[in-house]
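Both complexes below contain chain A, partnered by chain B and then by chain C.
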Partner chain A sequence: MSYADQALSSYERALGRVPDGVRVYLPILPVLALVGVFILYPIAQAIWTSFTDKHLLRPDEAEFVGVENYGEVWTNPQIHEVLWNTFVWVSVGSIAAIVIGFVLGWLLHEKLPYTSVASAIVLVPWVLPRVVGASIWKFMFGGSQGIINELLVQLGVIDDYVVMLGSTELSLWPPIVGMVWRLAPLFALLTLTSLKGIDRQLYEAARMDGATPWEQFRYVTLPMMRYNLVIGFLLMLIYNIRNFSMVWVMTRGGPGVSSSTLPVMIYRAAFVDFQVGFASALSMLLFAVLLVFSYYYIQVYDKIRGEF
Partner chain B sequence: MAGCLGDDGGGDGGDDAGRQNLDFWVFGGIPAERDYISSHYQNYGDHDVSYEHQEWGQKYQIIASAAANNNLPHVMAGQCQQIPDYVEAGALEPLDRSQFQDRLADIKEPFVDANHQVNTYEGLGDTEGEHLWGLPGGYADLGPFVDIRTDYLERTSFDRPPRNWEELLQVGKEMQELDEVSAAITASGTDFGLTTGYFIGFVYANGGRYFDPDTGDATVDQPGFVDAVKLYQDIAEAGLFPDSVVENNHIDAGRLLREGESGIFITYSHANAVYQTIDAPQPFLDGEGHVVTRAPLPDSPSGSFDPKDLLLQNAQGHMLATGSGSDAEREAAFDFIEWWSDPEQLAPWTYAEGADVGIRGRVPTLESAFEDPSDLFMSQFGDLVTLYENDDLFTRTSSFPSFPGIASVQSEINTQVLQPVMLGNKTAEEACSDVNSSIQEILDDNL
Partner chain C sequence: MTTLELDGVTKTFGAPDAGGVVAVDDVSLTVDDGEFLVLLGPSGCGKTTTLRMIGGLETPTEGVISFDGTEVNEVKARNRDVAMVFQNFALYPHMNVSQNLGFGLRRENEDRSSEEIIDRIEAVAEMLEIEGLLDNTPAALSGGQKQRVALGRAIIREPRLFLFDEPLANLDASLRKTMRTEIDELQSEVGITSVYVTHNQEEAMSIGDKIAVMNDGRLQQLGTPSEVFNEPSNQFVAQFVGSPDMNLYEGTLTENGDVYRVNVGITEFDLPSGLVQAGDDVLDVVVGFRPQDLFQSRTRQTGGPKIEADLRVVEPLGTEAILYGETEGRAIRATDTQFHDLDEDQSVTLSIAPEHIYLFDANTEELLKGRLMTEREDTGVGEVEVRDGAGAEVRDG
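For the complex of A and B:
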């Protein structure tokens, strides 16, 4: 044995005997193990469960039923209303959060003094626990003594209290308002960060070329922010589509299923009806949609990394 | 080894060889109960007990997950209405095992017998015949009940609470005329177990059921059920429910009565416990200004089953969970349940002088509470004591409906029957007819 070999620890000598092609993967083994245990295994388990008739209270009696649960998803009498609600919830909630968040971010950047203090205040809805925020909105939207009804009556917008949470036509909208309130600050912060990152010389150059404020916004601000906007939008979509607490706390998905979204339906299937197999099939549907959003998110992210 | 020590250790005169470590879970309860239980269990000295309070709303998830992971406690205190589901999950053992038989008669003796009847089930899980699955604990929830503001009642043509459904509507209509009242009758309307829980007593009183126990056929579209829904429809059509009824849970509904917006609250016997959660003043909690009593009954029940005046469940009954790994542990768990079932430990629920710990809105399970009622019990539930003395309280009593899949059935009834009917979107006949097949599917999957 050479002096060099003797200087090596037993661990290093053992490592030296591992083929090079395998050795390079050793450092990532702990991470792989964690990802496997906490992410891949649960996903695989959910996929498997979706092909069984697993019942929450009789898990040991689960039997393989093939694609029966998936068939039930499409024949379920509530699924179409739930999917439509989810579409409205995600699209309206995300777009409104982005528009309001963008304006808020721009105001923080351009108009408001003490930006750091203002940013901290704006972030309060985001840092507040979700259930607390949802409970506050539920109370404010109350049809018998909610402050929003009182405010609208005082302003003369309505003559009498309007029941929103308990109305099959309106029940989805109060949770959307609550969701926008929660997400807009996050987008405002994204906007603020993006605006701060734009080189001021670009605006000076644009002004020298005679660009109006709108043209500066249209041809400098927006293009410079486009990826951040897209990433923010995708993040909003991903966050919104899997959000459960705002709807559950405010309306429990009702009346009927008038405000039920996909996560609420999954919860009901698993923990009210105890049909874990069916709930897993619904979860796979949600998972597929999230995969699509995530794919585009990664695409945009890679593009940004390529450009900068 | 533990079994040997446990079996012989009891008579060793201070020898700790037979001491066991017991896990004790309590689900739900109002703060005063939680405070009392969480400190009082420490007075039990025969074994070492670890107490854990569990979230009432998550009971199924907690128990199912604990059962799947073999992590159940030795003793649970919670809603005995869910016993079939808990047995289904493998979480409970019957209490009347042979080694406990000779002690059970003495343990059961101080309680109103109806409490034991509702905790006795036939053919649950792997067992055959009837078995006792729970002991009552300190109180029972009764339904259907109404709480009526006496200041409003005095201004109607009635000098007593309404006794039948027609009178209920009549009192409601007269109260609706009062300036302070925005909606005379308040009830829970969200998709929550209590919404159906408050309602189902009217169905049983009318001779209706969710299903026929002999055939397993859903009977939601039968007259006994439909006509009870029709009562809610009549209340809604008369404009007596608040516009916000389907967004109000039991607390919101109770708040409307407490604040004077409503005069009648359809509820359980636990109304005063509900008011405790909204900080009602103490005299109100003690019964001042309102009367909590059994709900009006139909004059001529239209259902085909036996009409039941009263539904009962022990919401903090003691159950022997399957956490015991040996006979010694099981024996110790039973000892602990026996200790809790002693009238001395349950005194706070009887409102006895000197034992008041702030609990309100609970109907005691101990017979002595009715035989020798305290002032505080009378001020809250005087009408019940009168019914008891007239031998008219526990005569036609049933347990609250209890079967595997009930949570799912309740949710279906809430969202597909009660909510549409209370909103005026469907008639009772339409709603019940539409939902009957889906109830049948749930029953087929679970029974």
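For the complex of A and C:
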């Protein structure tokens, strides 16, 4: 082997002539292209569409209408109910998923035997295809032969079967139950792993320092888990606000818009009413909310990386 | 200010009849007020489990642990007023040094004022020379600094007992020696009864007022460092304490008038019968020579048996060297300061003073004769006797 074999190829020499400032961007070019085509372009397209009156029945005749769609978002008679539903959906769903998930994760860590088997079982709702899970809940909440109605009757909560999915007052709640069922396991697993990550000796040190079990939880467990909990909380918010399948499969957002959340309304506007322009404007609203959540998510994430 | 007493303490993990492990087996000992006891033994000998039972982190299966005569078996760890320093420090990573130090105070006594706590934190920080680190988190500290904070967290509460679980094992060698001295000084200063766990016999010898040697969950011997070194109760203690390892050879002991004749194959010698507590006429024995007690005949007359050995390796350690030799197919280790002119493969004559020879019963492994500290005029005089228990242990294990 001679040094001649080690000489730069013509390709490497050509690369060497590219200015340094440009060359550093060459390696990220492929990723940049993918992100551009599949993420940035669709976003730009959606923003543009939100300023047009694009209709799916005449997609080629879209005209620029300025902020008319955004105006309609505020004047739309359904929007207030949908926003309220979304708020209830996200807050109740997230908090319930967090509380149940935390308790479940803590039980997995402290009390239940066979942790690995138990966590596999707990994960079933999360890994089950969304539509399958939603269909099961729809079936269970069924008004004429649903097991939940039967259960409530047996327990004496209600006297007779109630058509929950068809009631304007109740229709939002069955999908929330389904969503909590789907998200709680994820939070449980997050709780389990963060509990497992805490050095057992810290608890022994705390016991020697005279801490009661509550003080150990309050001053060791919770602070040690704080970032994981915040990350989990933000994840729950993001998953909940984006969710479409649970509602759509169980109630299609109805009756009326009584169980519609923002993603469901967007879908209806675009693919039921064919008003793509208006749907895009609604999407921008969702986009803005998600941006805020994501910003905090990344902030917390960076903070964690800085600390460990 | 507490006298600690263990009476027949046993700890079994799992059901004893179904493959359970007996970690600590019938250990009884007393640690007097202000005394520094070291629990010494190899890994898995039950020393840490014993310590954890004293602290209340484990409950004894049998036996009684008492502080000042009061049984504490049922007292929870948090109510025992005992402080523990852990091997990996176990500092709370989300609290700064000051919060770590103050955690025990804040919990222990709800009505203690925060000014009082801050005063105590500052006093302890000053004592341990960590005043400048009070606002740092543990992640920003070096190993030695973490160790000081862990010590401070124990001292600040002025507990009834200090428990140390191999507190120096995670430090590097030079820091270990400094911290060892500091812990020793600190303990004498505050005068709190302490129990210290280690597998390092050198550490045990240098720091302990008393040493409890454990093996297989059983207490082998409880004594001062020099008792453990000079009068090890059995072969295990003799081998575990002291470095390099003691030379052990099987042989026989025969009564011969007013002396005992000892034959160990590599050499033969007489011992005055007054030195040996042997009942039988002929006995299988194990003879032990400490490497520190073996001298080259050319440099020092010991008046004891001589052993011809072929040198295999000379391992210089600065002022002295460990000589690894072979005699009649048996390995022999000696340490000597006169080694610079020695070549490997050369033969040397080693000898040992009779009073420095250890004798064990080969069947029971119990001690028949220990190492006498009495000075003998006709041996290598004073210098030999400077090599008493603790002195000989300055060498690194």
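In this text, the second predicted complex is superposed on the first by the 302 of 308 C-alpha atoms of A that agree within 3 Å, B and C clash if a C-alpha of one lies under 4 Å from a C-alpha of the other, contacts with A are read in each partner's own complex, and residues count from 1 in each chain.
Keep this in mind: a contact is a pair of C-beta atoms (placed from the backbone, for glycine too) under 8 Å apart; a residue touches a chain by one contact, two chains touch by 3 or more.
Keep in mind it's a predicted model, so treat the numbers as computed, not measured.
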Fit or clash - chain C, chain B, common chain A: fit
Which of chain B and chain C A:207 touches, first, second, both or neither: second
Which superposed partner A:220 touches (first chain B, second chain C, both, neither): second
Centroid geometry (CA): angle chain B/chain A/chain C, rounded to a multiple of 10 degrees: 150
Partner contacting more residues of chain A (chain B vs chain C): B
First, second, both or neither for A:125, with chain B first and chain C second: neither
Which of chain B and chain C A:165 touches, first, second, both or neither: first
Chain C versus chain B - closest C-alpha approach in the superposed model, Å: 52
Common interface positions of chain A, toward chain B and toward chain C: none
Residues of chain C that touch chain A when the two form their complex: 55-57, 76-79, 81-84, 86, 88, 90-95, 103-104, 107-108, 139, 153, 157, 163
Of all residues in chain A, those that touch chain C in their complex: 199, 201-202, 204-212, 215, 219-220, 223-224, 226, 307
Residues of chain A defined as touching chain B within the complex: 56-59, 142-144, 161, 163-168, 171, 251-257, 268, 271-275
Of chain B, residues touching chain A in the complex: 60-61, 64, 68, 85, 88-89, 182-183, 189-192, 242-248, 252, 256, 261, 404-405, 407-408, 411, 414-416, 419-420, 423, 425, 442, 445
